[in-house]
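Structure incoming, see below.
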């Protein structure tokens, strides 16, 4: 039982938090700008490297240096949006999807040019886990990740349903032209989307980097499960994406728990596949996503 | 530079471009005509590649098959298995709206990729399949044999192009575009929307399988990274959008030009001064990324935009915009 | 038909007479469009049956109903945006041979005659609807009213036995609407097409319909000739807003 | 008094192709101006041009003596212009209440609660749908939502593109009454209508557009009385 | 006239994080060539093609090297997959010799390559067998194995698994894992089931390897690890810390014990680039590049047809032994018509008829912030 909690459940939740943080941004961008942002993983990577630079130069703890990474990631996406995405706004969104794929390449190669392609770590050496009653044995980082995601969930819900910007976002997501006719500044809404999406991605990137290491493919390797999470939650529904991220993280880790026999239920080398299988099955039976109705 | 070398470079370049052209035409059937957002191209490509490889390669204890069948049989079988896979995928998720279909197809392609990597008995897993023949093997030796293969690939490109064009310029194609534009209305005028989408998906998938088979024969070697989505799925999408979706000529032009961007940039970055030597590959990727952006913004609806095929007997068709 | 807790169409039973033009009127939100959606197969009813000339078509998908001679227009235009206006009409024609992918590639001669016939009909329809000058325009670029005309044209192309017209008149210039009304009448008289139309313009309804069904809150309120229903107390209250502004709730 | 809205020699269209050509149109303070014409004549295009949704090739559009051709769409609402488009005019995934709310963001009304109260008295049908996504409404109900949204910001000039299309007779009457009533509160109205008879009967003046050009303009009553206009645009000479 | 030496490197793509030190290694060899008198009558110039660790880019890059850049010989590629694809589709038909520093796939052995394909590491079968000896010699009888599911991991792990069992050892678990995941905790939990004494990790340190070791220690499952050259990487120490690796040991191809080539190269390398000499495959990459240059020098021209014979000549005994960096000496000897025999940092490279080598495998332990070789096996 404790083994289940220590090595399957909590890591699953932590992994899920990382996916969720990325997926929220993907989902929001999808809702507002109507395109699948393939560079989102690389925004995570940028956040991680921005933070890393702050750790190196200022000697801060990664979580304290996080704001630097956030600002860096947000500025990058805002710039990219202005230069590359905005001119394509009037076209079918598939163009922007493709553009974002190009941006992903650009981000990655810039990272490799600036920081090189070796792995880096925030903190050297093994992190001592938190041991409680000799039973619970979890990494502090995982507890932090889970705490962050809970905080984000509450803040996001409040933001989307209670604030003017939040509602404007949904209006733009429904019908951008009408939103402009109604006097909403769609570009402002778009900026807000990037700021939120970029910040959450940067946080996710740093968490992922803390959990393992930092390298140029850090975020790119996570993009598919994050998309799966966004889909699972019903695209364009950030709260759904959050839930979807947790589900994907859990499914990946729990699928190899020995549920029935002594053997892992599913061979761990199919871990990723379980997440996708889950997504495909869900799409077939509940194409509108996990959550019914509106949970934007 | 050595002219003979350049010739052979061109041969190699055009073989790859031809394979991409087929993928691009296939995607054009699915997306350009049918509006089906298939983001799992790599999956069908892989199914085709493995089918043909297993059927035509020399027998080996490490994987299934090795039947040494003729290459043409392999390619046809590749079309069939990829088409069948497409049929199965379509049966499951053809009703999904575009972006959901995209994700479902990425998901299924990923699952296929994992099966290929993990099921050693079938595919020899990550070690891959070697000794895959080419058509007309033995007729010519050395790199001259590439010229034959080039011809073979482009004959197939031509056939695929013809088929796609005929499909497009027919009531079938018209109805398909109608289904793409508005499903409800298509149903209301008596079109079996699911059946049309299914047909499109299967045709596209089968053609993708053919491209996969050709690549396996070209490399004479096949391993799971052949299903790398970056190189198969995304690049093909870029090609189609750059070339002009809904336009078969555009699909081929897109394949050629984007593949040129992809491939030729290296020749340029290799000429950077020595200080950049270690970084030239990153610079190249950066350059590719920027060039893609340029093409997307400069040629907004593709190099050759979609055009209605027109109605053969509609004489006064130029009297538009009354 | 239920949406969540709301019964949008509730225990409705009626028959539409063959060869007759029936009007369906009622206040906004009465369930008229929903009812059309059920008849045309876009929505499946929670309970009840739909019969077309005696055949039970309740569970039939929309395209099969269309093959059985049922055509409909959409209240909010559903044009094929990237197709030209001409193509929009031709799609609706019967091109079953050319719609076979195999024929399309290998036996192209097979569907030429069929294409020609559909083309001619499409041209006639365009002329009639005063849309010929935009025939090569992408349908997505049409004005609101033109799209409505296109809706009508497309359903006429089906040569159906029963046509459901959902507020075809809203947004159509009244002069043109008058001509459309005449055409509908002619189709009805000469070709025996059956129509059922939803319309809020009662002048128009009275000109065309010998039989009027009034719906309110998902139910059939009454039925009769236009004059009968016009003077029905309940109709006046529910539809015309008997006392001013006391409609709906 | 100078006109509130003056369109002068306007040529505009989509993507460089002119649809309307040299259009002139004046709207004075507190007037009700109606635009009629055949389908595809360019009526919506004129309204969209005011709202910067077309490409303007030449001509000027002045609002309260200020040139507004070229001003971004979203800046017009705070200036006091509000529009109700002909199609796609609601936010389907927002609830009805939120749809109405959107109207207040760009130009907050002085007394929000009161304005909302007013809108709901006008459209009692919406009361029970307030928390339902607008996408689930019937055609006519959507029309109410979009009108409601426009009224929420207390505009000076209201542009209405076929506000009564799809509304039942009761509402038809009510909308026209409403238009007269809001004119009383000082709002100026420019509307496109196909329910032309009723519209002309409340119009101060009206314009007829044909093929993208000014065809005629006069007081509503005069146009109604004009036989040729009746025959060509109002559906024959049946008495209204 | 300058002479181009081709290099296929998986610069971008999944192996990107390995490449910087290897790129340095290749450049370092070229630098030695040029510092020592140049190649033929001019300077050696390294032309790199990015093979991206996948067949298609490998073929494309090889095509450019062979046909556009006209290189006489190619060093690379690194991954077996890209090496084989480039060879079968381009270099073999074009008659260009290709020397892979790292490809271990057994299927390369009996490929019909017309003596054009060489490699500097033994086919995986070999390291797996030697590792068995090393493990048993440590007194470890019961292990769990996890390996990354790519050509590298599968090859070595399979042979090790078989050899170890045959030699009487017990394997409690033999599981492959996906590269590129963030969490391997559930895998590790499963691996620890049969109470094995150590965990054999056949993976790259900069890929899944370090993550697995780190998470295994954090979870308290394993404290002793056995790795191969992929894991024997400074990266591992950087991520896990030297303390935690006290009891672990590693195998990697090395040069024969008399030869101090490796130590010498590492010293020079770190003097030049400050770090990275201990990264996996640095030795072999340097050696392969150096050998490629030697072959050209030996052939006396850039005539492609002479390369495979020349390569065999300079790499194999007999002949005067040449070590890393000794270009001037080698050039001198070749000029004098003497036979030379390159003994590299990563082995002595006596090619058999298939272009394969039997190498030496060293046993390494962590010493301070780096690795120390403590034994050599053949």
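Letters A, B, C, D and E name the chains as they come in the text, with residue numbers starting at 1 for each one.
Note that in this section contacts are C-beta pairs under 8 Å (C-beta built on N, C-alpha and C of every residue); 3 or more make two chains touch, one makes a residue touch a chain.
Here is each chain with its UniProt name: A, B = Branched-chain amino acid ABC transporter permease; C, D = ABC transporter ATP-binding protein.
Since the structure is predicted, the reported quantities are computational estimates derived from the model, not experimental observations.
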Chains contacting each of chain A and chain B, listed by label: E
Chain C reached from chain A - shortest hop count over touching chains: 2
Reference chain B; chain at largest CA-centroid distance: D
Reference chain A; chain at largest CA-centroid distance: C
Euclidean distance of C-alpha centroids - chain D vs chain E, Å: 75
Where chain A and chain D are represented by their mean Cα positions, the distance between them in whole Å: 44
Inter-chain centre distance, chain A versus chain E - centres from mean C-alpha coordinates, in Å: 36
Where chain B and chain D are represented by their mean Cα positions, the distance between them in whole Å: 50
Sequence positions of chain E contacting 2 or more other chains: 12, 14, 20, 149, 176, 178
Residue numbers of chain C (touch at least two other chains): 134
Sites on chain A at which at least two other chains make contact: 108-109, 112, 117, 267, 269, 272
Contact pairs between chains, per stated definition: A-B, A-D, A-E, B-C, B-E, C-D
Chain E - residues contacting chain A, complex: 12, 14, 16-17, 19-21, 149, 175-178, 180-190, 193, 206, 210-211, 214, 217-220, 235, 238-241, 243-244
Residue numbers on chain C that touch chain D, as the complex places them: 3, 25-30, 33-34, 75-77, 134, 141-146, 148-149, 167, 170-178, 200-203, 239-241, 244-245, 247-249
Residue ranges of chain B in contact with chain A within the complex: 31, 37, 92-93, 95-97, 99-100, 102-104, 106-108, 110-111, 114-115, 117-118, 234, 237-238, 241, 245, 279, 282-286, 288-290, 292-293, 296-297, 300-301
Partner chain E, residues of chain B touching it in the complex: 1-2, 5-9, 12-13, 16, 114, 117-118, 120, 125-128, 130-131, 141-143, 145-146, 215, 218-223, 225-226, 228, 231, 263, 266-267, 270, 277-278, 280-282, 284-285
Contact footprint of chain E on chain A as seen in their complex: 3, 6-8, 11-12, 14-15, 18, 108-109, 112, 116-119, 121, 124-129, 137, 139, 208, 211-213, 215-217, 221-222, 252-254, 256-258, 262, 264, 267-269, 271-272
